[in-house]
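Read from first to last, the chains carry the letters A, B, C and D; within each, the first residue is number 1.
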């Protein structure tokens, strides 16, 4: 397309700023970073996420609101449980770590890294510096360097940009080895928990492990002293009592490394997009975005999506992409598409099945299968109708 | 009346849509409308009730909520019993266990957060006018107010300063104090037994084999807590004493009680890492 | 952990301190010593592809039986049972062997020939046998009797519940199998037992070791099947933590053709490449296809037939003078049964005797030349089934000389775009290697054996996004 | 998903309405099912918030927990649910029938009918399972005692949830799955999990295409989710204020205010449950309209058997089901499930030519005409002469079976057909299959009348067999082998409710 020569004169960051327009960038956090692993093949999502466009606002504005949202009850419960586990110098956590990981009795030091100077709002730089100082001191194995570090602020490079991550977690150090402790409020009943939620927790924890490893490596320490086993703390059964389970996040770490590595390819992706591509959601005085929804829809359509029904539960734009995919076999699910011989459009598949369309060379096999299926279906349904009538 | 109810329903539905759409401006406007409609409805209901001759709904809870004084006393009682800085939630639980949750309005944990600010203002206008103030615990590192802890102004600075080992030491101290008091209460309430049990279940060797609240033995709890406290006590005491000494030298009266929030103190310069300067600083929203 | 771990090359070949034969002998010696010591209720031996698992089983069975220890052997399929009997009867011509069989089993010719082998449906009818061999399914129906020793063959293919049903029949057992192959599976989908140490859907060895973590685990360090060109590749992709090395050198194995390739084009080029380097990637233009991709099936068949037509001769330590690669020394492997049917149809009568089968059924088998239809070829998206490391491992570790992978272009892109949304279960050990990683590793290697001038590059490639 | 089902989905897209993928109904629909729609509180582990339950469409009973975090109220809900469910279960314990057992040597009795509980979706089944888990170990004495009906309810809910895992059982069904078994919509399986959207495709409102009707149905304000999870905006904008108001009203001690606040709260949850209640009954009548498959009553009889057995167990004071299966139990259950799954799949194919068509498409079955028949063929190659008739079937289907394979015909149970030759004719695209028959031919050397197909008969042959598979043998629990941890110690498999269960810390 036309943009290739233009692209070279502008940095990727400027390009992304243009795409975002006047609105503030949506900030990355462990969850959004984890989300990058969900549909890495989707260019639309990659561009919007890298540029930090508020996809939920965008989707709602073009009249395809995502059905996400968190219940206040769930948030309250999560906060209450976390506070409970961390209360009194994380007394409940200390007990679990003593039981699960054999933490010796003297190891109880607790450093709260959320506040540094006691001010209401502290800058990320100040907090990051303190987190870094304390964690590195612990990594160096200094005497009395601490055991539990609550709310460390970590940093990670995502697509060439530094992103600060604030884990709701405690990093815990013993004998020069760090563990990430993730506190979640979903229940572990008889040793089992919702695999989807555990999976989400595992990949988020892996983001923190990665960030801590990066920090240590930059300071010349062995990154592997951050364990790949994270400590997941959840309520046990139907009670409020916490229980701890070790979760091996090696696979998640591999996935993240891979996807973060891929994000540098965003330049290649941008190169083929129109230079004036823009999803500006900047509002006017009344709080309404200044650009017309139609313009944003047009912009969206210039970036290819890779829609699958799974997107509905993970991506804010999924309802738009689904509407766009109407009539595509992909909208019926990946296995349905496969069973239809990988034919792209529903009407093509039906046309081939009924023998109304002449198959292209690469459709010949699919056409045979579909014709057979259609013949069988018709044969049985006619017989059944005959029997009923 | 019915029209009003329909309007409330419609407004709620609209709010739900605009929340999903992240349309904050519109949501704000709708919420304001909803509040007005709800007030009208409340009014209509009480008008109806009065017409029917019902007594007006009791305004319990409101009357006592206006004054914080009794709450202040309650917190003081609980903290004095514990003898260490404590989080509002623990203060409330201790109070409920020993003094009952009788006080009107209760010791809602949220209320305590406001309390500290209130006390500081009061101290600022008339220092030492009250026999005690509910004040902050200070971080040993920066002498800043420690997050989420309440203390009493009459305590020595050493007790109000928290270093890395202090949360544990204070937890064990509190356990001892609570168990001691529980031992003196004849046939303690089940709330009290549960409080002791909660402490005990996080201290090695403090529970018997059954491990049930009704079989917790205060003497065992005290012994176990003391045994662990000894392990941390020296280091903690030294740390606190050093920080207290620094506080006395560097802080004025107000800051000694409520913590230094204005500047980073000399001698404890926060190192600025090179990696901090780039990008947009982000404070991430809470993940539940 | 056994001391034999010290001898293991880490991450592939090259650091073996002992000659391969000696390293393997030592491990076998340690295994037998562990068995005789009586210190352990169980001994586990991990055996990578072609590492002499059967040799070990036959030797251990012979030694135990000769020591007067009554013994049973539990295999997983009738074919495995017959294989073992064949080898054991040859190795120990005097040893009375019993074959425990289903009522409708008729002895195969190779079993009938041994006068020392008795076949019966009931243990009582096998009295006098020093060794009784049967499938796990058959042993599960034996209600009583207890033997001091059992050898469980292909224990990683056995499901935990099958072991539970037969474990009452023995006091102690030797478990032998290949951890890199396909895990057993169930048609029932349920998470009811996930996380339990006795989850009946896991492999027998997994259950055994989770309950008895102190048992010694030995690893056979040398593959006698895989050539020097394949052992490091397979070890690195599928046995990343333990590794193994080739028992033969590159000089000991070679593959050549007696007939020159006339007009074979890409097919011949791929075969030349495979003969020269042990690997070839026969790449078809990128396209999303049906599972039964006709072009790919035809390519598999053509490659297999061309090996015959060109009169391939394999030189190896077994036949230093060279032996013709006959139809029974060639296999074509695929992921699905319908693919197998399609390939078989393409082979026609000319391909009589060439084995065509799914990965599941190729487990434990060995050929000179193997043609593999890549499980991800032509696919639009990968599923857990297609990504399973064990499946690919089985397919690319059956050959003694050369392996030709047939695939449509675009697999690498497909892997890149693969979403990682696997659920995570608590208290379930993570299985390594990860299918994704293993696929990338293998593809990375094989792609270097693609002749850029070969394949139908003249066709326009639509490209896959 | 099979190609035929995928094709039906494609047709549904084109037509704008869901398409049938079966010719008969493959599950039992009771005359008097109990519909149960639970809602749970977000963020809590299976804390009930409300439920609508009942056996009569116009008489649902609403159960509400005004403060789901309150332990007493939670078990109050359980007691109320027990008030509905236990009498419902009891109502089937009237008439029994005698069944021959142990090859006719014994007689046992089973109830002539059994309960059937319908929930909206599979998450509803999950709720039943978890609520069973949280109630069956409760004690009626000691700390936090519960009503005696509560642990009993827990045992029954657990029983039902276990049955729901059993392929072919109809005692606890998810409506979305029951409907999805019979219809293919023009959307994905994932979207079919939304009951309103699924029904919008099957039975779209007048003038709407299925796709448009489904989009409407997905709007949580018009069609609240069918639970157990509620819509977050409902939680935040409706439920939270209503709960807070109720809490405050309780605190005020003003009874009038309290009951008014409770009314508001009930109205709020009813608004979330009511629409799903309607959908559930619409689903029931849609299912009833389908003709029932011939093997369905057989499977329902099995359900009745299991129900009868479990009532005896409960009556005998049986312990609640363990938290997790022990090693032997797990292996046995897996074996049962695998057998049931296979037999269910075969039975559906035998009952339904449209399901069999899936197997015809993949070459595991074919339908053809008998073109040659030698009914009196004698095989004398063995020790004794046996009757082995041969027939040739000519089919246009794909035939992937090979010589030596043993086939069965749904219309001729008890007869085996071994494939002798397969001869495809590329010109006509048809295939001749020669089959040798054994079994079901009578006792003499000439076949019983009608026991051998005649030329011109149209028949289906398949590799699927519904012949009886004998159950496997397992060691007893006490004989759990050392490979699986040895016999369970008492504390590993607690079967009695322990004090621990009562003592769990609550918020």
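What we mean here is this: a contact is a pair of C-beta atoms (placed from the backbone, for glycine too) under 8 Å apart; a residue touches a chain by one contact, two chains touch by 3 or more.
Note that the structure is predicted; figures quoted are calculated from it, not measured.
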Centre-most chain [mean C-alpha coordinates]: A
State the pair with the higher C-beta contact count; candidates are C-D and B-D. C-D
Report the chain whose CA-based centre is farthest from the CA-based centre of chain B. C
Inter-chain centre distance, chain C versus chain D - centres from mean C-alpha coordinates, in Å: 38
At what distance in angstrom does the C-alpha mean of chain D lie from that of chain B? 51
Based only on mean CA positions, could you tell me how far chain A sits from chain D in angstrom? 34
Tell me, which residues of chain D touch at least two other chains? 43, 220, 231, 233, 236, 324
At which residue positions does chain B touch at least two other chains? 17, 19-20, 288
If you look at chain C, which of its residues touch at least two other chains? 196
Every touching chain pair, please? A-B, A-C, A-D, B-D, C-D
Of chain C, residues touching chain A in the complex: 191, 194-196, 287-294, 379-381, 416-427, 429-430, 432, 434, 436-437, 465
Quick one: in the complex, what on chain B touches chain A? 17, 19-26, 87, 89-90, 139, 142, 144-147, 164-168, 170-171, 174, 201-202, 204, 228, 231-232, 235, 259-261, 263-264, 270-273, 275-288
In the complex, go through chain D and note every residue touching chain C. 165, 167, 324-328, 330-331, 333-335, 337-338, 341-342, 362-363, 400, 472-475, 479-486
With touch defined as at the start, can you tell me which chain A residues reach chain D in the complex? 67-78, 80, 185-187, 189-191, 235, 237-241, 309-310, 312-313, 326-327, 329, 331-333, 335-337, 339-340, 346-347, 349-350, 353, 369-370, 372-374, 376-377, 379-381, 383-384, 388
Chain D residues touching chain B in their complex are 43, 143, 220-221, 231, 233-234, 236-238, 248, 251-254, 256-257, 260, 499, 503
